[in-house]
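These are the structures in question, set out in turn.
In the two complexes that follow, subunit A is the common piece, with subunit B as its partner first and subunit C second.
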Partner chain A sequence: MLDVLLFGFLRGAVFAMAAFGFSLVLGVLGIVNLAHGVFIVLGAVLTYALYNEGLPLIIAALIAAMTTGLLGVLIQRLFIARVFDMHPLMVLVQTFGIAIVISEIANIVFGTSERLLRVDVPGLPIIELGNLFVPTYELIVFAIALASAGLLAALLRYTQFGKAVRACRDDLASATLVGINTPRIFTLTMGLCGLWAGLAGALILGLRPTAPHMHFMWTVDAFLIVIIGGLGSISGALIGGFIYGVLNFAAYYYWPSVAPAVIFGTLIAVLMLRPQGLFGLGQVVRK
Partner chain B sequence: MKKPTSRVPFSGLDRRSLLGGSAAVGLGALLGSGLGGFASKPALAKKRTVHFGSSLPLTGPYEKVARIYKDAYEFWSETVGGKMIVGGQEMDVTWTVYDDENNAARTAQLTERLITTDKVDLIVGAYGTDTVLAQGAIARKHGRITIQAGAASQRVDEEIGGHTTFTLVGQARSYGKLAVQKLVAAEPKPKTLAIVTFNDPVYLEMSAGLKDFAAANGVDVVLEEVLPMKVQDLRPTVLKMKRLGDVDIVYNCGWDVICIKLVQEFLALDFTPKAFVGGHLTTNAVVKETLGKNLEYALGVTFWLPQMAHSDSHFASAEAFADAFEASKGYTPTYHAAMAYTVPYLYQQVLRDASGDDPFDPDSLRASLAGLNEVPTIWGPITFNEKGRLNFPGLPVLQWQGADPQLTVVHPESLATGQLAYPMPSYRNRA
Partner chain C sequence: MTIEAVSGRAPRLSPVSESRRQLLFIAAFLGIAAIMPFFLDGYWQRVLIFTFVNIALASSWNVIGGVAGYPSFGHGAFFGIGAYTSALLMIRGDYPLVVAILGGGLAAGLFALCFIPLFRQRGFYFALSTLAAQLAVENIVRNWSFTRGIEAWDMGWNFPDIGSLNFFYYLMLGLLGLCLVSIVFLLGSRVGYALKAIHKDEVVAASVGIPTTRYKAIALVFSAVWPGMLGAAYGPFLVFISPDNVFNLTITLNMILIAIFGGIGTVIGPVLGGLVLSVIDQIAWANFLEYHHLIYGLMIVAIISFWPGGLVSLIAKWRAR
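Our next item is the complex of A and B:
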């Protein structure tokens, strides 16, 4: 049981990191971004491609994350901003279409096969914790995910940009009235979302196989985490990630053949019992 | 829009092309197939073209493997110089290969089109159990036959085997037979087996076969992990094996990425069984590229390797076939290529000396194929059982050996190029 919890937590941190951007965009822009998973898989396949071209893994990951961040900016400026004031369904359909187009392009450019990297920390590939063996890379990923959550929380709490983001999240009309440049905030938020998700994708590459066609699975995972953790809260997304990580790992450990049913069944239960999530800040109906 | 004509020995059509205009395709098919399939004796004398038809998942997740099949058909056409002998008469060869997108309903629709509009003379199998069954159902409706190399499931035998479809793939139940046979003869004899399989008929058949062979050889199946097809994380599975504590053999029924991921999780959790059988796709290049030296001692089973002692009327050895294929297509052929190449080759064998008014008559073809007896091919000697399934003893067993792991055939003895290294040393203690 202890090992299931431990590995679930380790997985959960990177799940949370993958979901931070989704939570932020849902909270600030009030949209369900169905193209979110694209940032994650693109972060992974770009990192893989750059790493295979001879770049150090860290550099490859950073370039990939910046690219997905830029992609987030472009998607917001070129597409979402144009239909933002229309019916929410328009954004949903549009982001779904964007996801399909980008993933198909990625299939053509990078291929459809699944990629994964074996990442060992030189000299210390495994750390023993009692009778448990934990790959050092996974502890590093865990630390990066926690640090990134802290960084994001600090960014939102202490910077002018963060204050503006929170103002938009809390009351968009008031934020506009006091002169906040909301289109700019939306664009930066989407950029931040792409950056974080791309970095998460790069880290995931060392944990599980990734391919462009898996984008929607990641969008659903991010959605689940936000539903569990609650809207608009980085700590909620982090804890949602941990819970989802443990739930996911336990489901595949104890009931592997029906694991997806167990996971989605839990989601339905959460939605029925606590629709605002465990740590949600806002109301359930948005936009 | 590409259309099949007698001047183009190989043509592929995508969805757009299909929707582009039936009249043009019909005209192309008419040109491509000469006078169509109604060849009475005088008509046969006038017939100049043999029209092959098929569909493959040329887009989607099976795109890569479908390309290999298509390349292999094309390579066969190149090998025979775009001509084949039918009843002693030389004819041109033309192909129509549609993209079925791995969709059974679409495959059925395309097969109908191949038969009724394109009027193909010979149908070559699709790829994947559901699409092969859909293709077979339509072929059966029209009283036609197919030779397929894309589905191993027993359902093919039960639903369309023998009367409609002849299958070049051995039955999935037998994939692991020789591996178990080899391992139980090793010392110390393995006593326990963990099977990693998937919630899909073919993988479950493989797993069922393994359980039978294990029981017959006194090996306990201590774990049968049935995973969803889209599983991403194999840590829970390997953790369970580690917690079981006494797993001698781990057998992966799944594909190459699952093999890679299992070894990675073995390393991550410091778990070493006495033997690991990585499955029937262990020879795919991505496995060695990703695992490198960690692949040493891993076993695999395979349908085919260039070093196997097979030959046909065009190539003196499988190696010669592999070299020629690589020269033409730019990559080393996988077993898919050898198997797909053999489909038109078999048609050629049974049609060469065909007699009668209509050599393409399904009844004659069926009887000829059913009567094949150990016909040498690049894929191996061909004899079909009463269900139209290739008779085969099980898949040869390979092992990756050496610090820069190279493939060694370890079983059966007739093909072996080396000895089994067993048990595996702990991953942790390897240099």
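Our next item is the complex of A and C:
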């Protein structure tokens, strides 16, 4: 019981980190990006490939995250910009198609196998808390994820770009009227989404096996986290991540065979009873 | 932001003459399809059977997703439920195929009633709720001992051999014909007009006294019963079914893609889209097996990005010239 809570909580931070971009894109562009999971798995797969080429892990992770960020920019400019103001159906099917294409290319280029990296951390490999054993790497990932949340929140709060992003999120029409270049903000938001998701993927590489075909599971997870936590805030996504982390661990621990059904059932229940999320700030996007 | 705006077609109510034109088109299509087995070998006959199933699935999805504007991403669940009901009835219960087909439709229709609360959502949220519902159903069917198979270790169902290829060809063609004709009559009826009104503006539709939830429920059950019956007939044709081939997410995606490719919200669109896409798909399978998924994905992206109105809008543009 205690271990489910503790590990769920620790993993929750990195789950939330994987979902920040999803929340931003849903808030600012008003779309559900079904290619989101691709950023995460691609971040992991690229980090693994670069690390095997001999690069230090941190450099490999940063290059991978920048690649996925660039990919986000390209996807937005070339594809989503064409259809994002049409019926939501179009964006859903289009981004799912993009997800298939990229994950297939990753399968062909990098191989379909699952990858897991053993990360050696200087100092103690395992920390004992009472009768619980926590790998130090889990704590480091937790700290990085929290720091990244703080960084992102500060970026949105204090910089000119962050103010423009929040303006687009709150009222797109008014933001355009006061002269904000909304297409540019959309593109940068997608880039930021790719960057954060890719970095989360690089961290996840050391926690659980990852392969290109798992992208859709991550997309669904990100959506769940954003829905549980509520749209529109980094702290909401963070709380959503913690709740989802515990839920995920509990579901697989207590009802392993029907864990996906439990998780999807929770998603439907939250969507029906509290579509603005448990801690939602504003109104819901109901395009 | 409606589909009409996408396809560039002026929205209009279908007068009687349009229904008649659609029925003529369907009759011509069925007539040509009915004589095809005399010219084709077994391989192409099989390809056509898959094409008929795809067209019928896309046409039924189109009623709720295209005409009413509620993009369901969980329609594969109805197909899978039909196939599994058929397996339970025919293998566990030893009932004939007719009972299995009717039972599959009934089970899918009843299950669709559970989806009605999801109508509180719209757009993205409706799509993702239905998707989650399909994934949850698949997970349960995969792991429940009652639905897993006869023996404890089975992962699917083996049907007895009950008919020749020709039998299944005409069975599927007949189901497709009934499905298309029923859709024409549904769209020409009061329900069809109500659904179009709901698609255009649900608040206005409700304010002029259209009971929106009731009509949406009718559309959903209608568009679930046909996949259920098709799934029930598809199981014995395929001989072996498991969650991997009847609850697959690509079944849902195919329905949506065919409807969009042909022309969403139209009767003829899914038929054209199904024919053209199945041919492309077949060529991709036969020549580039390794890259089949990649080609499929590229096709999705290209169609939506550059061709969101579908084939029907191209034909309309060409005729208006």
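Just so we're on the same page, the second predicted complex is superposed on the first by the 283 of 287 C-alpha atoms of A that agree within 3 Å, B and C clash if a C-alpha of one lies under 4 Å from a C-alpha of the other, contacts with A are read in each partner's own complex, and residues count from 1 in each chain.
By definition in this document, a contact is a pair of C-beta atoms (placed from the backbone, for glycine too) under 8 Å apart; a residue touches a chain by one contact, two chains touch by 3 or more.
These numbers were taken from a predicted model, which means no experiment stands behind them.
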Does subunit B (first) or subunit C (second) touch A:Pro260, or do both, or does neither?
both
Does subunit B (first) or subunit C (second) touch A:Val32, or do both, or does neither?
second
Quick one: name whichever of subunit B and subunit C touches more residues of subunit A.
C
Counting only touches as set out at the top, which of subunit B and subunit C does A:Arg157 meet: first, second, both, neither?
neither
For A:Arg184, select first, second, both or neither according to whether it touches subunit B, subunit C, the two together, or no partner.
neither
For A:Phe249, using the defined touch cut-off, is the partner it touches subunit B, subunit C, both, or neither? Pick first, second, both or neither.
first
Take the contacts of subunit A with subunit B and those with subunit C, and give the residues found in both.
257, 260
Under the definition above, what is the set of subunit C residues touching subunit A in their complex?
1-3, 5-6, 65, 69, 71, 73, 117-118, 120-125, 127-129, 131-133, 135-137, 139-140, 143, 249, 253, 256-257, 260, 264, 291, 293-294, 296-301, 304-306, 308
What part of subunit A is in contact with subunit C in the complex they form?
31-32, 78-79, 82-83, 85-90, 92-94, 96-101, 104-105, 108, 216, 220, 223, 257-258, 260-261, 264-265, 267-268, 271-272, 275, 284-287
What residues on subunit B touch subunit A, complex-wise?
60-61, 63-64, 199, 225-228, 230-233, 235-237, 239-240, 243, 257, 260-261, 264, 267-270, 286, 290-291, 294
If we count contacts the way the header does, which residues on subunit A are in touch with subunit B in the complex?
3-4, 7, 11, 111-114, 116-118, 125-126, 133, 135, 138, 207-209, 213-214, 217, 248-249, 252-253, 256-257, 259-260
